[in-house]
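Just so it is clear, A, B, C, D and E label the chains in written order, and each chain counts residues from 1 on its own.
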Amino acid sequence: MSDVPLLAVEGVNAFYGTAQALDDVSFEILGGSTAMVGRNGMGKTTLCNAIVGVPPARVSGSIRYNGTELVGRPSYKVAKLGIGYVPQGRRLFPSLSVDEHLRMIAGRGGGSKRWTVAKIYELFPRLAERRRNGGAQLSGGEQQMLAIGRALLTNPSLLIMDEPSEGLAPAIIEHLVETFRRLEQEGLAILLIEQNLGMATAIAERQLVMVAGSIAAETTAAELSTDMELQRRYLGVEPLAERT
Amino acid sequence: ATARSSASTIKIAVLSDCQGAFGSFDNQDMAGVVTAMAQFAGAKAKNPNKPRDGWTGGSINGHPLKLVGVGCSNDRADTAIKETKRLMEQLGADILIGPLSGDESIAVANYAKQHPNKTFVDGSAGAQDTTLKVRAPNFFRFNGDGAMWNAGLGDLAHNKLGWKTAAVIADDYSFAWTSAAGFIAEFCAVGGNVTKRVFPPLNTTDYSSYAQQMPTNVDGTFVAVGGAGLIPFLKAYEQAHGPIDGKKFIGNLFWGTPGQFEQLSTRVAGAYVGGAGTAGDLATKAAKAYNAQVGKVFKTIPPYGAAAPQAASTFTYGFYVNTWGLLAGLKANGGNIAGGQKSLQAAIKKVRLATPYGPLYLDKNNQAVINVFYQQLYEKGGKLAVKTVGEIPGVTQTFGGTFSSSTPAPGRTNPKCVKRSLPWIGKTIHPPVTG
Amino acid sequence: MAVDRPPAISNRARSLALRRRVLLVIGWTLLAILVIVPLLWVLFLAPTTGKWATAFGSAVHDPKDFLITVLNGVTAAALYFVVASGFTLIFGLMRVVNMAHGALFLFGGYVALKLQRGMVGEGGSFGLTSAQVNLTHWIIPAIVGTVVVAAMGLAMQQVFLRWNQGQELRQALITIAISIILADQMLAHFGGVAEDIAWPRNIDTFVNLRVQGILYTETRLVILGIALAIGILLWLWLKRTRTGMVIRAGVDDRAMVSALGINIQLTFAIAFAVGSALAGLGGVIGGSFASLAPGLDANWLLYSLVVVIIGGMGSLGGAAIGSLLLGLTSNFSAAYLPSTYTYYSIIFTFMLVAIILAVRPLGLFGRPA
Amino acid sequence: MTRITPDRVVGIGALVLAVIAPFIVSSYWVGALLTQMLFLGIVAASLIFLSAYGGMISLAQVAVYGIAGFVVGNATTNGNTKGLNLGWNPWWGVIAGIAIAVGVGLLFGALASRSVGIYFLMITLTYSVIANLTFGQVTDVSGFGGISGIPAPGAIGRVEAHQNRLYYVALVAAFLVYLLLRYVARTPFGLTLQGVRDDPIRMASLGYNVNLHRTIAFGFASFVASIGGVLFVWWNGHIDPASIDLGATIDVLVIAVIGGLYRLEGAWVGALFFVIVNNYSQQISFIGPRFHTLIGAIFLLIVLVSPGGLVGLWERALELASGTHKEPSDRTPIEVGPVESHV
Amino acid sequence: MTDVSKAEIAEPILRLRGIGRRFGGLHAVRDVDLDVAHGERRAILGPNGAGKTTLFNVISGDVGPSSGTIDFLGEDVSVLPPRARAKLGMGRTYQKSRSFLGMTVEDNLYLAVLGTRSGHFRPISLRKRDGEMRDRARELADAVGLGGRFGELVGSLSHGEQRQLEVGMARASNPHLMMLDEPASGLSRGERVALTELLLSLDPAITLILIEHDMDVALRVADRVTMMHDGRVIVEGTPDEIRANQTVHDLYLGRGNHSDV
């Protein structure tokens, strides 16, 4: 790769009204997978929304994707640059059926046509069985699958996922981990927000820790899963030994 | 000279409509008022192309006549009350001229009752209750009511057109009931029989079911559907029963008012129509002079163009004759509005006018007794035209006792079909007309 | 583990079951009163004389007038559908309560009216009969009226509404304000007298239906045809292209649609323009069917609301059913209520809406998520 | 105990001004404008209450107000050409008017209680149309021309002669309504209503009877609106179907929104603004009869610049002054559940 | 203890017989028999779309069953509306948070406390009663870790914080039966540990049914586990039996276990 990073976040601040949710966040992604962990309410979702351009926070600073400035750009243009988004809480469209969710996006725009509706159904056979269900008539896990499938169909080169494992059964998570590893090898860059440390460390070697709106530490998967002190400091986990 | 300059100003307000169905006649209303002011009080129009701007100058016996405001209603009683309050109480008018339409005038007359120290003359409103039932001593009306305006038509239908039976269709509200009552009362009085009365609700869009049920086995049909409903009704009638035979139709003023009848197109040529106490094509000297007078004071009356042809509009004439009646009263008492305007009100009561459309005086309810005209529609160069064909002298509000303060107001079933004698039957004259 | 024994049926459950049964009985009785009794009345019972006399008597007594009333109802429904379909599109799909729909209707009508009179050249202030008007004199004004209103709707959406997407009340108020201004300006420019657009002579004729010797007016059948065409085209557009999906998704979650790379504002703009165009076209047809006058904007807005409410938002099929119910109710109540009560016919229409909404809060075809 | 905030200062100031108004402004202002402002504000407040706390934007408030007015008219007039002419004592008329209006309100509410969002708006709009048409067509109780000569109770006397009396009565009524609504919002009833607004399904699973709650809230708002209706007919002496037509319905909605749909004070602020604009706009000579265009433009402007209405503007000004900036909150009160389309 | 209450204890608190629920042609839940004893901690596991949430909805009354009966505390509640079941002592959370976004954390919890008590329509506040309920709300907020955000609008809480509030609201009415639908989802590791502690420390008289995909939480808390698949109950047993069961691994847990570290 050249010297231009894939994603460069520089001095980003975000506010909800007067409340500051992001405080001077800076980091870069050159490629591959990066995971970000942090306790509830630390600003992870706010950061994802800021990158993709989703309201309502007020964002300042600079976010560049392949050198293109994203801050202030409408989100549909951001998406067209090749950024796929799996938002927290799925945000499906209750008015559309599963099939419509996928057909609405399939075949739009340029880029690689790696993903098709059929391939998504192959990845999540469950969705094929429920293709006529409305977005709100799916079980929690099925919704999550659809949200992931929807994002893949935009054929992104950078995929941002905000807690994609939420509500998914362990076997599905396992399946996804394999899939994302494969996709990474095929050149997809991933920014993964996760509470499930198992999944986070299985997918990404590089781990960022967010505390109170800033990146507090950068570490590795191995370190994070073994260093109890680190976990306690940043994730509020009591080491098992200290419990009674 | 000193007495003159110290003479108190008489503050006058006008209540007209500039919203709603009659909203576009705002300037005609004011044209009537200003023309009378110019003719009888030496005033001048402020703007010869915009009557609404009012007048300058003008006085009676040294008392300047000042226009303090023009109210803007929308043919609803509520708005009329609100505007009347604004004009009388905020702008402090002594005298109100107006309003334009029926229910508004009932409300204003009721207001007048509460304010005996001010004087009110009607504009062009033709509700019967205003003078027959409310009977405010300080509210005067120099124009006719909806029933009076249709005098002569029953006589015409029965005795000249030979109708024995007739059907009636009218909007389902008080003015249309009153209008139909004028026809029914007279048609029945001379021996005709009304076999069916249909009252479609206001705001009906699709008249097809009503048109469908209009009987074809009667000698003729009287139509008092107005506003946005008349054209759809006629179209629906054609679609239900084929082309309209003008000789079998009589309409009320909605059919004959200049500015409105043109829209009906030649489909209704041949039909007789009731007027509103006016006859624009009258060839008498007085009528011509009136047209000329309006044309002298105003060049145009927007939005309908040249002024003189609009002189005979119900609205122009109504506001004109009422203003004239007021000025005649003021002249008679020397412009004295002191003492709760009692002397002015007494003077107005005694006013007699030789109007362009015949002589006029007030009855005991302050309601004018007038001459009424009816017209016929005909085709002229592919367009619809109207000519006056009959004049009925001395029409009174009571229709020979059919209506009084104690009889039920015109309604869906009133008046009943009763034979009786009316003073003006057989007295119809055929006045000379131009064109 | 305890043996299965029948659980105690509580008083609560029992009284609930009773209540349910009572409600069921009430529901059916109401249904009978509302549907079956009128049906029997119209078909067999309505008398021609006496206190309860109706205009035509029952359908059995006078099949011809009955059939004509049915036709009148259906063709009136077609007109309501044309006007309401644009409202459905905007209100149902985009959730914009476009209170200016009626004003747009009226404006489209006036544009076409002035153009027609200009083209025929008989002077603007005189009404035309169909004999003076040929097909071109109607079609060109209709197209111009439609296009002008589409542009106007688009401008309204771009300037005022797109910033407030999703704030339904605010949008409704913006359109109310616009309709107040539009109505006042139209009164100033087009006057207060009712005027109408003339049908072209080619279609202002009668068609022999060869049933009961009915000669039926062709213009009404043409309206029916236009309504069907519009219905089918809209259906194809929304079902067969992605636009429909994008609009619906955009209403659910605009930001998310955008985050998927779709320019939702463009789609909204197109939909709004089409919806407005239908208002304009409705105005032309409505102005030919009935008349154009100040105040009619409110009437047609109400009709559109009623149609969409009865049918259920966002459902074209529902709008069609809603129009039919409205058209039939208004025509039948005018013809088959006892003659001394026909003036209540208009109340009936709105009662219908209230009852339907009370029973089905989302309209006949509205479905919750 | 009570802090001095700009809101309080302005509020108390406004109240003091209202109390001494008859001594400082013309009797026309008091009798026509301010009295009208007070009762329109009461009706708008009932709408704001329903919308802000119950999430129900009701267009039936004017219908309910009209029902109270027509009942008072029919019950208390005598010797008129229209109406029932029962000739009761005005106070009995008030009781009957409010009772019947609340009864009808409860019925309306029960029928509408299962509808939410835009559907609620629409079903209440049809109520208002039905009320308007019913009074227009049923000539026994009114008919198109309406009922005139409605008397106020003896204590108030002839309104024309003693404009201040009705003004003070309306002022006291408005003040009490304001206190009542504010108070109720913080009681269990009010809080429950807000829960129903935010998530009816959750409320049901917590043990609440959602529909009953909506119905009772609607009845309560009808009570408030009917007070406005009684004051209206005393003030106007006349009521007809046009007093409660679509235009009147929209007027009250406009008042509520211009004032600010999220705060009760907005009702009277909006009403005052509305009344003044209505009264004075046509006196601007170059506008003349086109004053509706002006009114429309003013409404448009306010809705565009401030989602919170005039009260919202005030709040924003305060924030600017105190240096704390908050994004304008757009809690849109209508939230429609997504609807499946199956065209 | 009276005979009646003894009998009650012998009886299961919740008994389902033949419960089925169809959505169109889809049998989301079919023929489920389930007995839950007083004071039991039951976990319900199953792949996505197995019908777990639907089963909850049927028990709580949010959707009606297509077939079968539900007895709660010895009473047939199949036809009762959700509010009546809540009053009998059911409390639940939702998989997707359902809290009152326009109100503060305090008012949310206050409403949850008030729900099963009388006085919903009371238009006056009684200082003593309301004070007591507000104290209870405060306690609950502290218990789920939201003490610091007591006065804030729920709409401005993060996703995970709203999940915490869910649990607080389910506890508010002191229900006999508490049903939690994936309470740990969206919680960070720290909060999960806290949640587990909280559940373990619940009054043993409270019966708990738990849907959870996080085995660390589910298997630690539960003393009995039911596994659903395609709408049916296919395995039931203790956590250890479940861990050892091959079907459970095939259908649900997968080969390795990535559920967490």
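Here are some notes:
Quick note on the criterion: contacts are C-beta pairs under 8 Å (C-beta built on N, C-alpha and C of every residue); 3 or more make two chains touch, one makes a residue touch a chain.
The model shown is predicted, which means the values in this text are computed figures rather than measured ones.
Steps from chain A to chain B, taking the shortest chain of touch contacts, total 2. Using the mean of the Cα atoms as each chain's centre, the chain most removed from chain E is B. For chain A, the chain whose average C-alpha position is most distant is B.
The chain pair with the larger count of C-beta pairs in contact, out of A-E and D-E, is A-E.
In terms of their C-alpha centroids, the spacing between chain B and chain C amounts to 37 Å.
Taking each chain's centre as the average of its CA atoms, chain C and chain E sit 47 Å apart. Distance between chain centres (mean CA atoms), chain A to chain C: 46 Å. Put simply, the C-alpha centre of chain C and that of chain D have 30 angstrom between them. Contact of a single residue of chain A with at least two other chains is seen at positions 16, 93-95, 134, 136.
Multi-chain contact residues of chain C, defined as those touching 2 or more other chains: 184, 188, 248, 251-252, 314, 343-344, 346, 369. Touching of two or more other chains is recorded for residues 81 of chain E. Listing the residues of chain C that touch chain A in their complex gives 242, 245-246, 248-249, 251-253, 255-264, 314, 369.
Only residues 183-184, 186-192, 194-195, 197-199, 201-210, 213, 216, 331 of chain D touch chain E when the two sit together in their complex.
Those residues of chain A that touch chain E in the shared complex are 16, 19, 37-42, 45, 88-89, 126, 130, 137-142, 144-145, 163, 166-175, 177, 195-199, 201-202, 225, 231, 235-238.
In the complex of the two chains, the chain C residues touching chain D come out as 91-93, 95, 97, 160, 166-170, 173-174, 176-181, 183-185, 188, 234-235, 238-239, 244, 248, 251-252, 298, 302, 305-306, 309, 312-317, 343-344, 346-347, 350-351, 353-354, 357-358, 361-363, 365-369.
On the side of chain E, the complex with chain A involves touching residues 23, 46-54, 95-96, 156-161, 163-164, 182, 185-193, 213-215, 251-261.
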